[in-house]
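Naming follows writing order (A, B and C), and every chain is counted from residue 1.
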């Protein structure tokens, strides 16, 4: 049983507030991704859960025990570091066996566990090599194997794929997903790459400036972003935002087009729609195509709508030339609205 | 079609390179000779008989006569001086690493108030003519009973070697990512275990080099040794004292005794000389 | 895993050691230099300054440093440039160049004695080449300037290596891209040296000059080996006042003079060679 509860955790480095009232509950065997840009606090939070940093306030519970004052070795966690931290003076075998030796397991069991984990990560032929003799991708597998061999309750991963090249990252992502599902551990994974987050997570916790802004399933975070930040961070190309003024109760003027929207006491809101959620149809937002990028699978058109840039992802069959006047109709149930002052979704 | 005015035909690239390369190699040869020839002369003198050393003109080839060396080794006080030098240098080595390495580790791993002040203190010691400290320390040692003792001189030499020890170990520890220790902590180690199982094996060569460097500094030091030792002279103090009154062949043999170990030491630590100043010379 | 006290504990032995064996004796020297049997007095300084040897001693020391340090700097720059350009044989050449680093200044003095001594190698070569008929007495008190030159040569020979090591390290930190960019913009090798290498070497130059100048003011064993007492320098006079003339106060005064010129030159170098904030690699 490895449920993780984070209660009101805060962390300051001198004057700098890295984390501010973090509350998060992670169920046993759940895969949660901490997603955010550099400096948002996601790695700090992970390190606090690991025990490599002590929180300035709040509590951390793992498996029903309060652990925030305990050192890492007493928390039942295992960790994969961003730069792998494979010990250079030990063979791959000894690296994977390191934690098992510390636990004083019998040699037979160590051998068995190391071999089993190495096979799982497809590195069984590298066991006698040293870290200087293997590639970066292989070292990453050693780091994962080393963490898994411990058979921990919780496995923590700090941007494990970010130092790999694009193709390798794609392959490893799929492999990792399979391996981690098989191992049945609670996983907390930190990344700035939203594609990784969407692909791997049961739930994504989007972080910004030391706070968790939204924690929900990937689809939920994509379709119903809790605030403007989440909307613009998730999705590539990012969401389009247009200032809207009230044109009546439930009616809003968006770049010259009158649309149905929420009832609100405010007279300004922000209209948001994803680039792939618009169609070229008569009526709709008047857009002038400025840059056309045929990307193969689809065509990315950067337009000008009411003097502001607006991106649209169109089917690759659609022919658009620079300077064309287009009518872009947003799909009604994909339209989102945000309060311009609080940035919260309406 | 166009009117080309040829002023200077450009010299072929190969020509320029050949001239430049000749200068380059000549420069290297000259500089190497500049360093090695004087040492060679010392070797010639050492391996000549006492008569040849005092004689004239000198030949460029040593006669491999061990008369000078024998005279040196049997001269009264030399054996004892050699032993003292070894003892003092050994103590200096142990002390400077024992005190300096923890400080180097602390500087590389932690941020804490007072860090800048400590670094300033260490740097100041390098800016100060340290052998002069031997003067008041001579008095202090007499009061404490440490005068004319190897440990007393070793303490002064440690003051000389400590800044280097701290800075070299700081540089070495900084080269070991903290991530490695953190990984060990997550795999069941406490701080001490992580240090001994992960950091120590990786820094051993560097620490050894620091130790040898400290040994060399002590071995070569002259002023403090001359000030602080009377009966228990080290080799440098012994030679200094006897310099004007001893025969030539004694001086040269003594010089060789100083130089030969140093040559070996520097060979052993050459990689780490540069670690000290921030780069690794592979 | 945070033990707030740990760094202080690790630092404690070194701090205590330096306080007892560095700060305390230093304070004592300062006190000694300003005291006599009746308490605070400037008498040690007066004795020192009015002594017939003082002017020459001070002048000799400063002159020696003023000649030796610049030559060493140029030589070290050349050696460092050569070494960084080498590919094959780099390790051997580097080892050879750094050999003098491990030598005692006394040993260096003795080595150059072998050359300059009346029956030494220089004379042997001169006579052998037919340039002189009889061996010349180089190192006598009549030829003070020869002793001077011999000391200069010995010091340059011995102590250039440390400057070279610092400069090689500094050069290693300069990314290749800067040279490549300069070359693309039309700078030849000499220009590149002037405009890329030297400016980026400023911090290393500063360190090297400070350390070497202070060490130059401390010159002692080399002078004794080559000239005995004929060439007075500050460190030598400190030694002789302490032991031969047994006036510890004057010795302390001399020590403070050495300290004073060391600090003065350090401040000069810190000022002249400072790099503007943000202008480093």
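Here is the rule we use: contacts are C-beta pairs under 8 Å (C-beta built on N, C-alpha and C of every residue); 3 or more make two chains touch, one makes a residue touch a chain.
Since this is a predicted model, take the numbers as computed values, not measurements.
Participant: Comparing A-B against B-C, which pair counts more contacting C-beta pairs?
Facilitator: B-C
Participant: Could you say which chain's mean Cα position falls nearest to the mean Cα position of the entire protein shown?
Facilitator: Answer by centroid distance: B.
Participant: Indicate the whole-number Å distance between the mean C-alpha point of chain A and the mean C-alpha point of chain C.
Facilitator: 58
Participant: For chain B and chain C, what's the span in angstrom between their mean Cα positions?
Facilitator: 15
Participant: When the C-alpha atoms of chain A and chain B are each averaged to a single point, how far apart are the two points in Å?
Facilitator: 53
Participant: Please output the residue numbers of chain C that touch at least 2 other chains, ranges allowed.
Facilitator: As it turns out, chain C has residues touching two or more other chains at 1.
Participant: Counting only residues that touch at least 2 other chains, which ones in chain B make the list?
Facilitator: Only 185 qualify.
Participant: Two or more other chains in contact with one residue: find those residues in chain A.
Facilitator: Residues 51-52, 71-72.
Participant: In their shared complex, at which residues does chain B touch chain C?
Facilitator: Listed in rising order, the residues of chain B that touch chain C are 24, 27-28, 31-32, 34-36, 38-39, 41-42, 45, 53-59, 98-100, 102-103, 105-107, 109-110, 112, 114-115, 118, 121-122, 125-133, 135-137, 139-140, 155-156, 158-159, 162, 166, 185, 191, 216, 219-223, 226-227, 236, 239-240, 243-244, 248, 251-252, 254-255, 258-259, 262-263, 265-267, 270, 273-274, 276-279, 281.
Participant: Okay, in this complex, where on chain B does chain A touch?
Facilitator: Going by the criterion above, the answer is residues 177, 179-180, 182-190, 193, 198, 201-202.
Participant: Within the complex, which stretch of chain C touches chain B?
Facilitator: Checking each residue of chain C against chain B gives 1, 3-4, 6-8, 10-11, 13-15, 17-18, 21-22, 25-26, 28-29, 32, 78-79, 82, 85-86, 93-107, 110-115, 117-121, 123-124, 127-128, 135, 157, 165-166, 168-170, 172-173, 204, 210-211, 214, 217-218, 220-221, 224-225, 228, 235, 238-239, 242-243, 248, 251-252, 255, 258-259, 262-263, 266.
Participant: Spell out the residues on chain A that touch chain B in their complex, using ranges where they run on.
Facilitator: 50-52, 71-73, 77-79, 81-83, 85, 87-89, 98-99, 102-103, 146-147, 150
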